[in-house]
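Please go over the structures that come below.
Two complexes are shown next, each including chain A; its partner changes from chain B in the first to chain C in the second.
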Partner chain A sequence: MADLRPSPDESETQRPPVEGATPSPFGVRGTASADGRPVDSRAQLILVTGFVIAVVLIALALVMNSAIYTENLATRSDSSGATEAAAYQRAVESAALEAFEYAHAVNDSDYVGLNRNVTDAIAGIDAISTRQEAAYGHIPNLSVAATVNGTAISDDGGVFDSDSDADNWTVASDVSAVRAFNIHVDDRSDLNQSGDREFRVVVDPVSGGDRWTMNVTRDTSTNEVVVGVNATGSYDECRRSTVKPWINVTAGTVGGEPCDALTFAEGITGSYDVNFRNGTGIEGSYSLVVNDDVSVLYGVAGFGDPQDEPALYNMTVDMVYRTAELDYRTKIEIEPGDHDG
Partner chain B sequence: MVTPPPMRRGGDGGARAPESRESGRGERGQAHTLEGVVASLIMLSAVIFALEMTAVTPLSASTSSQHLENQQEATARGILASAAETGELDRALLFWNGSAERFWNTTRLGYYASNPPPNDFGAMLNRSFDSRGIAYNVVVSYEDDEGDRDSRRLIYQGRPSDNAVSAARSVILLDNDPLYDHGGVATGTNVSETGDYFAPDASSGSVYNVLRVEVVVWRI
Partner chain C sequence: MGDGPPRVRGPRNRARPRRATGIDGRAQSTSLDYTLSLAIAALLVTGLVTAASGFVADSREQVVRTELEVVGEHVANELVAADRLARAGAETNTLTVSKPLPARVAGAGYSIETNTDGSTQWVNLTASDPDVTVSVRVRTATPIAETAIAGGTVTITYDPSADELEVSS
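Here is the complex of A and B:
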């Protein structure tokens, strides 16, 4: 091994720089040996350059890494459970609607039974789905907040007269909401053509003011069913060539297609009476649900007579959906066939 | 204080140097070698570090596959949502062969494997995934008689890869939901009237059971 210590004579006497040497930040460079070859101390330069390159590469790697990390975070799928909450709400809405209708199918005798049916159904959904969702860290909670009692009125055939065979009569008085109002025309040839004998549905505000009127007639020249609506002082109509059309009054469709003119009780505020005029001018069936719990509207119903039975007008379900990062609360309104959609 | 000795400036060029000069040249060589090694180590580690950050293999959790996973998850979610809205999801779940106690048109295993269910839900999955080289499983979990969670395969195409994504949706069955025959037509038998259905009646009210349908999707 070579002795790295400098010899005493060299440590004490520094060699003078050779003529023509260039000053450098790293010391004197360009010193030449006796035969003129440059003697250089580039080691420091190479070292510093190596460091600079290394630092640049590391900086580059950091910048790229942070860009990738940022994009990774930005494209991360939703982990808060908001989409699950929305999907759960939709599932509950459709199931609650089915359960609401099923409750009426199995028990339509009284409000207590109807209320118990829907409450049990929602409690059942709540119990099972809470246990299921808890496995994924989600805690849903469902409860029936309120139900509104109503009355289902229907007539399964014949002309649309009252149980006392009156041609002009009040179907429901002092109601403020109607849902699932459907009229089925047995045959368009039974419809009166026009004039005084045309069948009309008249919505008459209790406090007075403009009425809302819908008439159902037949155009003899084209043999079309004409549904005319007189709302807020203007008249508009829809024509269909269907032989046995369904008129969904609250949904605003005639013969299964949307009718722009038909918006039930448009422009009416507050309570109103629903009247039929010229009930013998039409044959078929109809049904509607009003938000009034009149216990008995009509007498014992025979075929062709209107009948009424207890029904829930609507139901409000409170839904809470909690995850680690989300506390979602909403009210789900179940009201089949309501005219708001 | 000891003054460090000045660095020896070696290289007297050509001529044979005395002993002291020889030792000076050897000293410089070692220093250069060490510098070179250290510099190369630094550069090598920097390059490795950079490569570690950016290495993308087909199965690495890179940004591009994250995008694909998001797409697949959204597709699965969309299929479930539209199938649930149209009622096709209910129909696919109630497409039940009571006598054989398995879904219609399945083998003895009881689930669909290479072909999706012959109904609209199966057609939706087929159109969305099969032609694009994406595999999927559909697993239905429900509450059993003891109140525990149990699950049943509806479609099983294999073990999902590490990059699989899933989407789930709850389907609430009521007592009056009908079972469907092999032609997809509702039978007169309600789900609550048969003891052959895989999920039991888990509620005393009108609710039958809540089925959680989970679609697991991955690239193959």
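Here is the complex of A and C:
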């Protein structure tokens, strides 16, 4: 800090000592002490106060700087890439699902072809997305970790009897998972009324125990389609007035509306058989995919007969996503129509 | 400069002409005047400095509180993002998220503590000087391990075996 006091020479020459001058707390200008010497220590209080105020202002400026930094910090977006990783994961899940379904559409002759199709599709998604993400400094990687062979079973029309016209028959035996199980009722007037002739889907555990049963009937008094479910010893039902309802068994919907009672194979653990009872009590079509690579279930299918074909039950994709601040490795399971969601 | 009597500069001396009655009472009046002036000036200055210091201290505490809230929200945001990623895949093997955060807020060090109270999860941030504590509520499906770390860059890790998120420095 600059010395604001005048030099002794200046004081003596320009401001000579004055006899009887009055000192003040703010300093004495042009005064002299009793022995006639000029007074140097002037305005100390103002100087000290000014210095303290200056320090306080500097502290205030630093605090305000911190406040500005806080606002800056508050408006920063997510920099770790977690949001981008979540978006990428969803995009991959969607693309892989499309690839999985397309692989079955273009080649459903054998498992080798299906596996090759999904592997090539995922490699293509990986190549494209890597180029896109690399522009942002993110490094993704995709690969098919595993596939599970399954069998797609379907019947495109008529009653739900077997290829040997049996009314009660086993659709798939010793399976542990079913996906995309859909039943379409051609006309509700074809449905049997409740009783011994009602159509039923019975899931029978291989190791024994309680069965899971779903029956599809028509209430003659209200003309409603009634889907009744007997699971874990209790019975519940859903009613719809739709003429040609879709029953999505694994998704738990009837006529496009959720049916709380309908949870496929609820309470069943381990492997089970899927049976149809009173297959002639319903007309329409059905399809399901089981996780069992049964080579030949049925004979040559004609119209109204069940048919089977190779299908992948599910596919697991390894996904890696890295940024400077994120390391994420997960598995994505592609299983369309899975009842576990 | 001439040989005449020296002139005394200053308003007080000009306003009060020199007494012609002698010099007996002058010293007393001057000392009293000086003391009173000094006392009043000191009082004013002290008040000014005290008020200014208090204002700075209050501002700093407010800034520390605001910055802790911002830091807490960032930590909570990263925890929620990590939770979303951990839940997104069928099986998450590795998940590590780093978040650079200031080591000090307005010059004060602070600590970050994660706490679970029943079904409610909290991120508590505590600065020691000034003594400020801020709590931010977090909602995650994945449990959060209870930890306490010093402020600064935060790393959130998902433990697949324990199925929980852990905050570390």
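Convention: the second predicted complex is superposed on the first by the 296 of 341 C-alpha atoms of A that agree within 3 Å, B and C clash if a C-alpha of one lies under 4 Å from a C-alpha of the other, contacts with A are read in each partner's own complex, and residues count from 1 in each chain.
Keep this in mind: a contact is a pair of C-beta atoms (placed from the backbone, for glycine too) under 8 Å apart; a residue touches a chain by one contact, two chains touch by 3 or more.
Keep in mind that what you see is a predicted model, and the values were worked out from it rather than measured.
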Next item on the list: State whether A:D165 touches chain B only (first), chain C only (second), both chains, or neither.
Entry: neither
Notebook entry, point to check: Is A:E257 in contact with chain B, with chain C, with both, or with neither (first, second, both, neither)?
Noted result: neither
Next item on the list: Return first, second, both or neither, reflecting whether A:Q89 touches chain B, chain C, both chains, or no partner chain.
Entry: second
Check: Just chain B (first), just chain C (second), both, or neither: which does A:V52 touch?
Finding: second
Note to self: In the overlaid three-chain picture, which partner chain does A:D187 touch, first (chain B) or second (chain C), both, or neither?
What the structure shows: neither
Note to self: By the touch definition at the top of the document, which applies to A:S80: first (chain B), second (chain C), both, or neither?
What the structure shows: second
Check: Just chain B (first), just chain C (second), both, or neither: which does A:T330 touch?
Finding: second
Margin query: For the overlaid complexes, name the partner, chain B or chain C, with more touching residues on chain A.
Written below: B
Notebook entry, point to check: Looking at the overlay, does A:D110 come into contact with chain B only (first), chain C only (second), both, or neither?
Noted result: neither
Margin query: Counting contacts the way the document defines them, which residues of chain A are shared by the two interfaces, the one with chain B and the one with chain C?
Written below: 31, 53, 60, 64, 83, 90
Check: Inside the complex, what are the residues of chain A that reach chain B?
Finding: 2-7, 10-11, 14-15, 31, 33-37, 39, 41, 43, 46-47, 50-51, 53-54, 57-58, 60-61, 64-65, 68, 71-72, 75-77, 83-84, 87-88, 90-92, 94-95, 98-99, 102-103, 105-106, 117, 120-121, 123-125, 127-129, 131-133, 135-136
Next item on the list: Enumerate the contact residues on chain C facing chain A in the complex.
Entry: 1, 6-10, 12-13, 18, 26, 30, 33-34, 37-38, 41-42, 45, 48-49, 52-53, 55-56, 59-60, 63, 66-67, 70-71, 73-74, 77-78, 81-82, 84-85, 88-100, 102, 105-107
Next item on the list: Show which residues of chain A lie in contact with chain C when the two form their complex.
Entry: 16-26, 29-31, 45, 49, 52-53, 56, 59-60, 62-64, 66-67, 69-70, 73-74, 78-80, 82-83, 85-86, 89-90, 316, 319, 325-333
Check: Which residues of chain B touch chain A in the complex?
Finding: 5-15, 20, 22-24, 26-28, 31-32, 35-36, 38-40, 42-43, 45-47, 49-50, 53-54, 62-63, 66-67, 69-70, 73, 77, 80-81, 84-85, 141, 143, 147, 149, 165, 168-172, 174-176, 202-207, 209-210, 212
